[in-house]
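First chain A sits with chain B, and in the next complex the same chain sits with chain C.
Let's look at the complex of A and B:
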């Protein structure tokens, strides 16, 4: 039982970590839109065009934050959100960042990308572990329920 | 018409729209002004400066596509996705209106997006209501 609680705590931690980082990213983008400065993204340029795109990204990032908070209400049942955050979102983000870096895009420096890469990698691994644990918990719960019925 | 079909069309409408937008954004992210889709969707203006941010947006849009397909597997139980999808749609609408205000996009384009999103939002609210009623019955 204690082990089950620890596992549940870890799964919740995965959701909350991603949600907090997402909220921070939204805050950083908001800083960029309002004051033209960022803490994490280190965007070198500030033009109406880049500001426009940042404004387009903010609702998507906030939407995903709310999605994670929604998922944490039923962490095992909604475990698919962990996979969606890890695989299409974070993995794609990492790959796209790397491609831009290789293409020599002015907006992506090695320093910025390295920090971003490490953060996204750690988060992706945590989310995947969280999903595996949630899956195990689901199976345990199913067995318990089957046992009750029998 | 079958209520469940209306609800499922809602998920697929969003998923297809998102997938098309995601593809268009990937092209914009990698090809900048050379993208064959420049002038459509979110990439109203090509340019190397925002390719990095475009990648971030493209990943989010693409991931949301999977989310809607997942919701379609259990359309009634996962009806919350309708309301959750409305959050980015609402934010994008504000952004579009600001873009028009800053003279980045033409009035016609802003109007087109607004009409499209209003229809989408109304349809999603109807879908959520139908799914809610279906779950109660």
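Let's look at the complex of A and C:
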């Protein structure tokens, strides 16, 4: 398989990995608010207030899943979506987890935060590598196009 | 001002309207999580459980704000973002609110539901109109 094809496969993998994890998160959040249970999320016990606040979260998680699937249709042109997923989303998720832990949030624990931190960190690095590779492909494509014009 | 120019201005207004409202929401969510206060959101009393439930939403809200600002750089080519903002983000929020109210959630009153709909229905309409207009414009009209 050509190197360019391999790179493209990796970029697509980054989008799909994030989209699948987002979809799983959305599914688990829906299970949580509808039935008060979760499969892998360690969420607090279901209360009317957490159910109420999930209204701000679930539509956005589903929206972001669709956004990633939209971006994978043109993986190189829409590579900025990988950066948006890595930086505001994952990095901020890590920072907010840390802030909640430092503020002594009783529903937050070091054990769950550590697992969440490792998963989010690996994902963030993958997204950033995906973006860098997509950027390189874009430059190669631009050079080819310039060459064709000359 | 010609008609195409005013259409572009309207499409760009849609992106900025969404971005500004999302940014205000993100600021309020952060204020609530970190400082136990808020400016305009009725986020109720500080609760550890609520803060944990909101941590995913805050990052996504900031992400969506940046996304809409990015969309505004090429408003016609990236018109799909307007559609995605209308559905699933806003429309799904409305459906969820309705389910919550029907289930008798004590934090969502009838007034709260009406207020939420009074804001979200015009917003959805604005985004869908923006998308429709952008679809009928040629991509050569860049910022």
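Here, the second predicted complex is superposed on the first by the 149 of 150 C-alpha atoms of A that agree within 3 Å, B and C clash if a C-alpha of one lies under 4 Å from a C-alpha of the other, contacts with A are read in each partner's own complex, and residues count from 1 in each chain.
Assume a contact is a pair of C-beta atoms (placed from the backbone, for glycine too) under 8 Å apart; a residue touches a chain by one contact, two chains touch by 3 or more.
Quick caveat: nothing in here was measured; it's all calculated off a predicted structure.
Enquirer: Overlaying the two complexes on chain A, which is it for chain B and chain C: clash or fit?
Expert: They clash: once the shared chain is superposed, the two partners overlap in space.
Enquirer: Answer with first, second, both or neither: which of chain B and chain C does A:99 touch in the superposed model?
Expert: Touch status of A:99: both partners.
Enquirer: Is A:67 contacted by the first partner chain B, the second partner chain C, both or neither?
Expert: Once the two structures are laid over each other on A, A:67 reaches both partners.
Enquirer: Just chain B (first), just chain C (second), both, or neither: which does A:57 touch?
Expert: both
Enquirer: Using the superposition on chain A described above, determine whether A:140 touches chain B (first), chain C (second), both, or neither.
Expert: Once the two structures are laid over each other on A, A:140 reaches no partner at all.
Enquirer: Identify the partner contact of A:49: answer first if only chain B is touched, second if only chain C is, both if each is, neither if none is.
Expert: The answer is both, since A:49 touches chain B and chain C.
Enquirer: Output check: A:114 vs chain B and chain C. Expected answer is one of first, second, both, neither. What do you get?
Expert: Neither partner.
Enquirer: Which chain A residues lie in the overlap of the chain B contact set and the chain C contact set?
Expert: 43, 45, 47-50, 52-64, 66-67, 70, 80-81, 84-85, 88-90, 92-93, 96-97, 99-100, 103, 105-108
Enquirer: Would you pull the chain C residues touching chain A in the complex into a rising list?
Expert: 25, 29, 33-34, 43-44, 47-64, 66-67, 70, 80-81, 84-85, 88-90, 92-93, 96-97, 100, 105-108
Enquirer: Which residues, counting only chain A, touch chain C once they are in their complex?
Expert: Per the stated touch rule, the residues are 25, 29, 33, 43-45, 47-64, 66-67, 70, 80-81, 84-85, 88-90, 92-93, 96-97, 99-100, 103, 105-108.
Enquirer: Would you tell me which residues of chain A are touching chain B in their complex?
Expert: Interface residues on the chain A side: 41, 43, 45, 47-50, 52-64, 66-67, 70, 80-81, 84-85, 88-90, 92-93, 96-97, 99-100, 103, 105-108.
Enquirer: Show me the residue ranges of chain B that touch chain A in the complex, using the header's touch definition.
Expert: My answer: residues 26, 29-30, 42, 44-45, 47-67, 70, 80, 84-85, 87-92, 94-95, 98-99, 102, 104.
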